[in-house]
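In what comes next, chain A is part of two complexes: it sits with chain B in the first one and with chain C in the second one.
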Partner chain A sequence: MKAYQKYFTTKLVWFLTTFVFAFLLNFILPRLMPGDPVAVITQRVTQGMTSQSGAQAVYQQYAEQFGTNKPIWEQFFKYVVNVAQGDLGVSFSQYPRPVADILGASIGWTIALQFPAIIVGWLIGNSLGALAAYLKGGFDKVLMPISIFVSNFPAFGMAVIMLVVFGVNLRWFPTSGGYGFDLIPSPTAEFVWSVIVHYQLPFWSIVLISIGGQAIGMRSMAIYELNADYVKYSRFMGIKDWKIIGYVFRNAMLPQITGLALSIGTMVGGALVAEIIFSYPGLGFTLLNGVVGQDYPLISAATLIITVMVLIANFSIEIIYGLIDPRVKAAQAD
Partner chain B sequence: MNNTLRQIFRSGKFVTGFAIFVAILLGTLIYPLIITDAPLTIIGQGTFFPPGIYVSVYDSLGSTRYTLDLGEANFNRIASRLSEEDRIAIKEWLVAAGIPEADIDTADTQKLLTQWEENFDAKKSIPGMTNAKRNYYVRLDKSIDGLLSAEGAILAQANAETGALEQTGTVEQSDFVNVQQVANVRFLPLGTDNFGRDMLTELVAATRVSLIIGFVAGIIATLIGLTLGLLAGYIGGPVDDGIMFITNLFTVIPSFVLLILISFSIGQEQRGAFTVAVVIGFTSWVWTARAVRAQVISLRNRDHVNLSKLSGHSTVHIILTDILPYIASYVVMALILQISSGILAEAGLSILGLGPKTTDVPTLGLMMNWARIYQADIQGRWWAYLPVLVTIAMVTFSMNLMNTGLDQVFNPALRD
Partner chain C sequence: MGKVMLEVRDLTTKYITRFREDVYAVDHVSLKVEEGKSLGIAGESGCGKSTLALSLMGYYFPPLYYTSGDIIIDGRNISGMNPDDVRRSILGTEIAYIPQAAMNALNPTQKVIHFVEDVIQAHNPKATKKEIYELASERFHLLGLPPEVLQKYPVELSGGMKQRTVIAVSVILGPKVLIADEPSSALDVTSQKMVIKMLRDLMESGLIKSMIFITHELPLLYNVTDHIMVMYAGQIVEHGAASEAVFDPLHPYSKGLMGSIIVPEAGLREHKLTAVPGVPPNLKKPPSGCRFAERCKYVRPECRGAAVNIREGGVGRTYRCILTESELREVYKNAA
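This part shows the complex of A and B:
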């Protein structure tokens, strides 16, 4: 277990380093924008405002809030303190609602939607890929082109098609929102049912997108493993087929877990866009509102939260990987 | 080299992908030669005209008329003007008036209208019918009356002096014009978009711009990735550590977050198609760098590289002649994938409203974004989004097919 502790510590340190770096980027990138960021922002906010003194007051307020009149390290320090206290600023587009409040309302939806969808998509995709590698023939010939096509299909495209087919034409599911617009969130059966019904289209469109890529990856891995010496040796030894498949699946699975860790960021990105198509009240839709409303604090905070979520997901997968891959322990024990 | 090419073109997957890609590419190159309109000219006053052939009504009045006595002409005319809702409403009224439901067939226009003519009575009061509904039926009855009239329409012109209308001609119901002879006919195979622009012309221009964005982004990403990967893999040591540190950072930090932050920071005004392409390129080199590094490390200690080192060749020379040719196929494959993901990245950004400036050029992502904002999907205006989606899918699909084909040629373990 000592070896695993070491693995865990290394990963944790790495995770924290990445976090600091991401945090820095989140701070620096918007400040690299040409000209005075506060001037740009106030110009966006005060568009259509006729009163000159009003615009001046807005400028003063944001200059104060961002501390642009202070040296950069002091600005950074202030930013860190604010974020640590959960103070992500005040939204421009939904003034005077705090950004933390808006994000708090949407983050739950995103986690509840994307986490299960990505996991389910990953499981189905891997099973299909392994089956294709093992069965070969017709199943493989049909599944592979479909997988390649689906995995290259843009996330929003899948969402739009699901929406049109099942939402508009067949009218099986509602087309937008996280629950019926005539309901207020409450623990009633009606509300819960509404949430479940609204959940289906975004969920399955994310699942469908993630299946293709995983199936392709798993198929190649499984084909590679099926040709490995240990499989031939096992066959000579007369070990039962299903037991060999168990070995193959386990070995082919490990790179797929790493693959999940590496691609989770891209997957979350696609899923956020899918949320937008369905107006699902998650982070993707919040981000869109931020862009439409030129809401700088909201965008900055939303991207920070998304980064942190992806980092945590990544970290969790690495931790699980360390637990199930014997090679990690062996390597650490050396 | 020739042998490799022959092998590549023997792979079914590659050839299929290549054919689709070349077809799309030729389409974007040849179409503007035939239809020379600027892609963003607004020609339609209104949103989402459905696909079809648009014939100038004014010009067709002036064209030579031909009399065709077609038996079904009258029937077709009435059938096309009587909407599905009207038919259902007629049925409802007839049922309420006591006609057995089995006798009514909304698909049989002739019979439905005869029944309506025989039975409708504006004064008849039907229990439970609102006043608005009653008025609707009166209007419906009038419009049906107009449909059934066998007389032609009168053309009139206002007298310039008195302002009184003077009859200048009539149009009989059996009059036809030959579309070939009408001066102004516009074929809109994909209708118009929400701004009234010809969808097909716009789509072709958008595909070209998106492909360029993909290429620029892909080439930038591949160049950065290749350089970093070669340096990290070949030189090793602290250089490798440093590059890998950065690469690992950017692997975990989602690239679309960087894309969003940078695009938003640049601001709408400065965001041209080229800028977006460069930004995408600068945020997506990570995979290439990792892959190239792994390949180079496996090559680094091969005999021919060592020989080259012993012969005193410079590092640059070794990289160029002893390493690069061995990973060339890999780099080409990575480039293809980068191009396709660059096109997708642009589309994703545009959907968020962070795409290129909207007034310059159309891109596939911007077209999707417009369709989304104007709710083409919910309103059933399939021509506004489906062709765009199909184009994006075909471009990325063809590139990935090529990639898979190449993979199978260069990586025999994956061959079927």
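This part shows the complex of A and C:
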């Protein structure tokens, strides 16, 4: 257990270091964009106002409120203190709505869309890959080219094709939004059905592009493991084939778990394309709006959430790995 | 003469390559191992030693296929038996195997004891975990392995320890024949000694009834086995008592093998090692006459004619050459 504690501590230190740097970049990068968001807000508010000094005063007031007139390091420390207190600031583009409020409304949509899609894609992909490795022959020969073709499809391409085929031509599913535009979120059957119908296209566009890659990865791992020496030895000790296949797939699965964790971690970023194309009200769509509106607090907060999710996913996977694969633990203990 | 534990008559097995060519890697091999005895199989890489080991178990999977011949273990003919029956009632219990690369023979993500459980339960589904643990720890103790090894993952064991663990697991069901395929070739000398001692202990304690030991290291064979068989290109070229095969080889190939042994001695650097030049023939198209003719120092035109048969040379001794024993001795004397 001591070796495992050491493993755990080392990993934790690394992840904290990564977090500090990522946090810093999350703050700085949006603020390096050219343009002045405060001027944009001022312009919006002072529309029709004729007095130059009046507009100047409004600008000063907003600059004071957002802290954009202070040196960047001072803004940073203020930001750190605020975030530590759970305050993500006020959105520029949707002033005076708080950032936390905007993100809170969209993150649920993203998780509900992405999480099941990733899991389903992962399960189907891995099962197909494992079957291809085990059955070989015709199944393998058909599945592999298709997988390679589909996995190299860009995400937007798949989304657009599905949109055109099932949304525009066949009219089976609606083309945009998270629910019917004429509905108000409420626990009625009509609303729930509308959500389910709107869910299908973004969901399957994400599932389809992830299946191919998973299947290819699983297939090569499983083929490698099926030819391992322990398989031959187990056979010659009279162990049943289904039991040996159990060993093989457990071992072949290990690298695939990393892939799963990574896609869960990068869920929000990955959602961007599907959410934008289907105008799905998730985090990716919100982030896009933030970037368009030069909304520093919104961009920083959204990227901060993405960072934290990626880090947590990676960290948990390293920890689980240490538990399920004795080789990792042994290597760390040296 | 003891009870015959393993008898093989004219066993032929082949590989079918990707291009549908047949490669007879074991070609009409016959052998016999008595209770309490061990047989060594020698030969260079690619001569069919390991394929013979795999073929002896009667459990074939592609690309290796059974062609003809009999394998009789303790009076029971297992050739032509249904693979499922072989797996259930022969492998592990009648005949057990120590693989060439024991380093990777254990599943890396499974504790040793769980593998032992799987092995025993494959043959006796009713065995409880407790019984298995008791049997395994007793057996490991007997073989000089600490029982803690059972609770470890293979990565936590050293190479020598892994090898000995694999041996201990292989013999856990008390097989009648143990096939050890180069069990010590990847180990340092200390571990090698321990492995050899372990195999001898197994024979002496009667945990295994007989053994086939495969290696390319002839001095080792002489120390461990009672009889030695030399293989070349899928065929037996010489078979006799260990001392005869090592110190008085008849077949030119055996003679060449013995001459290529490195024995530490003063002035070794000045000494010229006599290796056997050339490589074994391609078994997709074996030469029509003597398969060793291409590389034989004493080759004659008639060697390349018809296939060469095994001939008797002294008591319990056979070799495959067109020359008689006295002719061969004459040739060797003139060459020296």
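List of remarks:
Assume the second predicted complex is superposed on the first by the 247 of 334 C-alpha atoms of A that agree within 3 Å, B and C clash if a C-alpha of one lies under 4 Å from a C-alpha of the other, contacts with A are read in each partner's own complex, and residues count from 1 in each chain.
Convention: contacts are C-beta pairs under 8 Å (C-beta built on N, C-alpha and C of every residue); 3 or more make two chains touch, one makes a residue touch a chain.
The structure presented is a predicted model; accordingly, all values stated were derived computationally and were not measured.
Aligning the shared chain A places chain B and chain C next to each other free of steric conflict. With both structures placed on the common chain, the touch criterion links A:Phe236 to chain C but leaves chain B unconnected.
Of the two partner chains placed by superposition, only chain B is touched by A:Ile223; chain C is not.
In the superposition on chain A, A:Leu29 makes contact with chain B only, not with chain C.
Of the two partner chains placed by superposition, only chain B is touched by A:Ala155; chain C is not. By the touch criterion defined above, A:Ala189 lies against neither chain B nor chain C after alignment on the C-alpha atoms of chain A.
With both structures placed on the common chain, the touch criterion links A:Ala84 to neither chain B nor chain C.
Within the superposed three-chain arrangement, the count of touched residues of chain A is higher for B, of the candidates chain B and chain C. Within the superposed three-chain model, A:Leu170 lies out of touch with both chain B and chain C [touch as defined at top]. Remark: least CA distance from chain B to chain C after fitting both complexes onto chain A is 10 Å. Residues 248-249, 251-258, 260-262, 264-267, 270, 340, 344, 347-348, 351-354, 368, 372, 377-378, 380, 382, 385, 389, 392-393, 396-397, 399-401, 404, 413-414 of chain B are the ones that touch chain A when the two sit in their complex. Within the complex formed with chain A, the residues of chain C that make contact are 57, 59, 61, 87-88, 90-93, 96-97, 99, 101, 103-110, 115, 118-119, 122-123, 153, 155-156, 166, 169-170. Taken together, the chain A residues at the contact with chain C in this complex read 228-230, 232-240, 243, 247, 250-251, 254, 324-327, 330. Per the touch definition, chain A reaches chain B in the complex via residues 14, 17-18, 21-22, 25-26, 29-30, 32-34, 40, 148-149, 151-157, 160-161, 163-164, 167-168, 175, 220, 223-224, 227, 262, 265-266, 268-270, 272-273, 276-277, 287-288, 291-292, 296, 299-300, 303, 306-307, 310-311, 314.
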